[in-house]
Amino acid sequence: MLVLDGVSRKFSDKTAVDQVSAEFAPGSFVGIIGRSGAGKSTLLRMINRLVDPTAGAIRFGDRDVTRLKGAELDAWRARCAMIFQQFNLIGRLDVLTNVLMGRLDHVSAPRALLRLWSDEDRAIALSALEMFGIADLAAKRADQLSGGQQQRVAIARALVQEPRIVLADEPIASLDPRNTRIVMDALLRINRHFGITVLCNLHSLDLARGYCDRLIGMSAGRVVFDGAPAALTDDVARDLYGLEAGEVMDAAHAAPAAHAGGASQPSAVPA
Amino acid sequence: MLVLDGVSRKFSDKTAVDQVSAEFAPGSFVGIIGRSGAGKSTLLRMINRLVDPTAGAIRFGDRDVTRLKGAELDAWRARCAMIFQQFNLIGRLDVLTNVLMGRLDHVSAPRALLRLWSDEDRAIALSALEMFGIADLAAKRADQLSGGQQQRVAIARALVQEPRIVLADEPIASLDPRNTRIVMDALLRINRHFGITVLCNLHSLDLARGYCDRLIGMSAGRVVFDGAPAALTDDVARDLYGLEAGEVMDAAHAAPAAHAGGASQPSAVPA
Amino acid sequence: EGWKDQYPELSLAVIPAENASTTTDRYGPLADYLSKELGVKVTLRVANDYAAVIEAQRAGNAQIAMYGPASYARAVMTGVELDPLVVPRHSNGMTGYFSVVYVRADSAYKTIEDLRGKTLALVDPNSTSGNNAPRFFLDRAGYSVDTFFGKSFFAGSHDNAVLALAQGTADAAANSWNSEDDSNLTRMITKGVLKDAAGNPMKKEDFRIVFKSDFLPEGPFSVLSALPEDLKAQIKQAFLDMPSKDPKGYAALSDGKDKEFVGIDRAAFDPIIEMVKFNDAARKS
Amino acid sequence: MTAAATSPLAALAAENLDRLRAAHPAAFDDRRRLVLGAAAAAAVVGLAAFALWYLDFSILAIWNGVGRLGGFLVLMIPPSPDRYLWTYLQAMAETVGIAYLGTLVAAIIAFPFGFLAARNVIPNVFVHVGVRRFLDTLRGVDTLIWALIWVSVVGLGPFAGVLAIICSDIGAFGKLFSEAIETADRRPVEGVISAGGSRLAGHRFGILPQIVPVMVSQVLYYFESNTRSATIIGIVGAGGIGIPLAEAIRTLELQQVAFLVLMILVVVTVIDLVSSRIRFAVIGKPAH
Amino acid sequence: MSLVPVLPDAQRVSLASGYAATVRARRIRLLVGLTAVVLLALVAGWAAEVRIGTFATNLWRFTSYLGRITPEFSWATPFQSLAAWYWNLPHWLSLLAETLLIAYLGTLMGAVVGFALSFLAAANLNPNPTSRFLVRRTMELLRTVPGVVFALLFVIAFGLGPMPGVFAVALHTAGALAKLYAEVVENVDMKPVEGVAAAGGSWLARVRFAVLPQVLPGFASYTLLRFEINVRESAVMGFVGAGGIGEDLVTSIRQFYYPDVSALLILIVATVMAIDFLTEKLRHHLIGLEGRAR
């Protein structure tokens, strides 16, 4: 059980996350939604301890995650994989080595530092790449990949960690429909079959509703919605995103009648 | 009229774009779709001449874009704004200066180098930021922004260029529904009202169908579809993305019955 | 010869001299000759700075060394136990040289007295003939360099000091002098590098000597006092024999300008030590 | 066509100019920046002017001197090794060898110091400040002193030169490496750490690949620079190109000086060509 | 059971061998390179007469020189001792000031020239190989000609004094900094450069807005390091009459004025530390270290 207890984070004057409390049962698939700048990324980064909360506590079982240090902290991070919005790959290293970063916790330090990976680890990494259709890129430098390819490398890295929790920060932002599906299905699969908790920042309400069994809506750092997807009524969504009435569905659905001419003057753009 | 004539681009052994020919009428709103790695970004980058084609020609009116040099090339780029998949902001500079980069072509060199922008230019940049709801971040360093905030800064930069053509490489990848709508509407608006040509890489078929008046489908560097959105039948889309039957709609729509339990073993993932 | 076990290899340390041929050309044959005579390998080490030679000798890492007179004095004064062995005798019969002060022949300066308040070019702080000797001997003659002259400066090398005089930067210049036809000045003229401010070549007659120091002994070849007596004796003998046993090597060593080596003892350098001590004391006053 | 007439954005901006100005005063106010910039520029130029005055710079002397400079250059032509070609080549080879060994060992020893002195690796102020001051001391001690110290340990010869180069270059490398580390991008490190990598692994995989090209170029530069100056090598009696050069300068053998300079130039050019190939091999082909 | 379904053997082996083949080429190149480096080091070690034995047995002498330059210091009369040690302080300080000014002028002039040259010498900003070649060779000439040679030429042209020294320092600095700057420029992240280029920014604008913010910390640290080197190496300029504190130090070393050696050494080390401290402050200001959380 992962518990957030009044967690806050300030950046100088700006409060990015404001007193968030929530409990995440093992095996849940939670979508975090909210406008850009709402604090979603910062929340996930705090759970992984890449950012330290300025107030509040994060607990996992009886461990106080906010207090972990050294090897214990490494171990915690290894169990709680993070998929970054901006991929955070090592541009100059090849794709396979990037994925093998996810196996660091399973390898002795000297072997890891010399890049002497075991055949098992390589096999796991290659399988993960294959799962996302990019095994043939294994030897390429990460900074020569297309955006979607980089994103999939990052996701493969997270999966080979064999984590207990996956923190995914917009894992499908740069992906095409097919890969979106592959990735979300992969997350769903590890969630269903292995009971791994998934916390996933998502911008697409449809995806959030389709995959998650619980949604958390954030606004200006605070949790303003927490419940089953079914409970996310159109009114709530409208509030959350500051949309006008009639725009509640995914933006795409409410797309203007483009071919009908320039009639629809979008209200969000000042005339 | 922008004309691509047998344009190709090779990276050492890999052919990223393969003999693409197309004509883009002024004022059209063209969506470019295709799987990750299909060559969409490379195609846009060639039009802006950030990457030079290895074969073929790009013409705009009677100008041969592939031959432009020096100040002429700068002028071409100023007229043909680019929105990058990875934003390409200057992390160490503040947001306003980043947006004002789009006004460089309108300012004398010495004034620009000393950052002595005119009040009009500042006002234009601020208006663009306001349009996307981030004017209050004007003084912040670009690398302190959230992903979606950075993306919007990049889009603002493109708009203040007052371009004739906008090349948008997944401009909404990191945006929430509301901002997705704001940005797509802004693109649509400049397209409809000012006849600016928009070429837009999109991963969401729904958005592509909703906003574009023409779609180009790419696969492995080649154009495999070119026509009105209505002509993009489910069969064609399935081919394009390599999806299975029944998965043709946006992945989200075909989301598994998540709450129905772990029954749906997604076929794309090897068991 | 028991010392050979203790010293299977000897080091000969020298510093470059300001002469026409390069240092290795000069001293290479000497090292070869000594190797042959002594029966152990003698390695030549050319150090660009005599301070390094002194430190190497202090640590016992260099057994044989060639010093200038002032640097020999320095080594002795800082506690290196040294025995001077030999100095060269020049063709003119002398075993030393002089320090002189030049002025231009077309100037009004006839004696040192005329230079009161004028500018003097010295060579560099460590030079015997270009700094230590003129300071000491001028002071003894009643002209303290620091107060008598209006300004004195270090030109960096013997040649630079002469150039400063030739081009009018200085009114007088200190330099070394062996004899009428053998000095730094004559060497520069032969090479054609000595020109006045307008770029005209200059002759020996364009310069005048207004001051000459006492005799300065040449720098000695010395050995560590701690070496076995028989080794020291053998080394000394080898030096003394060199002109006859290896005339070619000796000619290279002396540019053909020296006759022979003569033995020398510590006392010969007492005046030099006194000179250096005087200059050290004058510094803080 | 003027932008104002056609551009919706410009029109919008013009309309709202006053409101925007009121809402974002900072965005329109450059005074602070300009004043600070002007003050900094004035300080730099002012100090330079003071230095020019204090150090007796004279335009006249420069004007007159430039002509003489040409005359002197003539004396350097044609560059000639006289009869010392072989001596010079040998000396050059000695210098390159000593510089190579000294630079290589210094770089290896400095490597850990670079990490210890970097603020983002060792947050502990005492450690990184202490290490930095230690490195400062290594650099601050004159090379002549290093030479004397090592001569008394290992005697005159090239070995002492290698040791002296090592000592002063550790100070420089340690500083340069630590600064490269501090400027590295944090994101890859986060990527590694978030996957459970230790801090060590974070530095090994997240930072090292980024800074290796920088370090390689610095090491190659110092190699080249040691080859060139080689003063220490001369001091400690290891031969090298410094001695003939100093000799030729002191005795105004200008043709030999010119030859030696050209010879060093050729060697440096070769090192530079090789080094930029090595560097690009390490950096790899830049991507977009 | 693994989270990631492991592939069938056949497929896995073929993938792994494909990867290995590509990586092997890279590995072999690396290995050949490393072997060459080590072999060359061994040859150099032999030529440089490296004797580990002598080194180890005599290492205790390391402190011998340091011991001798340690001044006599009586704790009973600390101030008198200090005054005796730093007997020439006012003169030394004026020399130090002069040295700092010479180094400042020389570094400033050299940095300005090096700054302009570096962008032309960087392959990623100047695609024209001919001009790049010319600029690079010019830089090489400037930094290869030893400072003393320049000083020699200038002293004959301009007369003795600090002026020839400053010019000599400036020329050498220009060549050295231009090279180091150029390499910083070649290592920048090109994404922002593309961003400005795509907005129609001229070459100058790209350099000013996308490159400069990235390279400024690097430039600052190289410039200040060079300033520091110029302060330390002023002794070389001694023979043109611009020696400053460095020349006094070298003279003290050569004349074996032991307490002076340590007194001057401490002054110089303190100066180096002050400069380094300043460098650090300036660089961190430029990087904005705290702000780079993401």
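We call the chains A, B, C, D and E, going by the order they appear; numbering starts again at 1 in every chain.
Following the convention adopted for this analysis, a residue touches a chain if its C-beta (ideal position, glycine included) is under 8 Å from a C-beta of that chain, and two chains touch if they have at least 3 such contacts.
Not measured: the values here are computed from a predicted model.
> Chains in contact with subunit A and with subunit D: which ones?
In this structure, the chains that contact subunit D and also subunit A are B, E.
> Please state, in steps, how far subunit B lies from subunit A along the shortest route of touching chains.
The least step count works out to 1.
> Which chain's mean C-alpha position is the greatest distance from subunit A's?
Relative to subunit A, the chain whose C-alpha centre sits farthest away is C.
> By mean C-alpha position, what chain is farthest away from subunit B?
Chain centre farthest from subunit B's centre: C.
> At what distance in angstrom does the C-alpha mean of subunit C lie from that of subunit B?
Going by mean C-alpha positions, subunit B sits 79 Å from subunit C.
> Once you find the CA centre of subunit A and the CA centre of subunit E, what distance in Å lies between them?
Here subunit A and subunit E have centroids separated by 43 Å.
> Averaged over CA atoms, how far is the centre of subunit B from the centre of subunit D? Could you give it in whole Å?
Using C-alpha averages as centres, the distance is 41 Å.
> Report the inter-chain centroid distance for subunit C and subunit E in whole angstrom, where each centroid is the mean of the CA atoms.
Taking the mean C-alpha position of each chain, the two centres sit 37 Å apart.
> Specify, in ascending order, the residues of subunit A that touch 2 or more different other chains.
11, 86, 130-131, 144, 270
> Hey, what residues on subunit D touch two or more of the other chains?
Subunit D, residues with two or more chain partners: 12, 68, 144, 148, 152-155, 157, 187, 231, 238, 246, 249, 283, 288.
> Two or more other chains in contact with one residue: find those residues in subunit C.
Where subunit C meets two or more other chains at a single residue, that happens at 49, 51, 55, 58-59, 157.
> Which pairs of chains touch one another in this structure?
A-B, A-D, A-E, B-D, B-E, C-D, C-E, D-E
> Provide the residue numbers of subunit D that touch subunit C in the complex, in ascending order.
Subunit D residues touching subunit C: 68, 71, 75, 84, 87, 144, 147-148, 151-157, 231, 234-239, 242-244, 246-247, 249-254.
> Given the complex with subunit A, which residues does subunit B contribute to the contact?
11, 29, 33-37, 41, 85-86, 127, 130-131, 134, 144-149, 152, 170, 173-182, 184-186, 188-189, 192-193, 203-207, 209-213, 241-243, 247, 250-256, 258-259, 261-262, 265-266, 268-270
> Quick check on the complex: what are the subunit E residues that touch subunit A?
Where subunit E meets subunit A, its residues are 2-7, 11-12, 15-16, 18-19, 22-23, 293-294.
> Which positions of subunit E touch subunit B when the two form their complex?
For subunit E paired with subunit B, touching residues are 5, 7, 191-192, 194-202, 204-205, 208-210, 213-214, 288, 291-294.
> Spell out the residues on subunit E that touch subunit C in their complex, using ranges where they run on.
Result: residues 58, 61, 64-65, 87-88, 155-156, 159-160, 238-241, 243, 251, 253-257 of subunit E touch subunit C.
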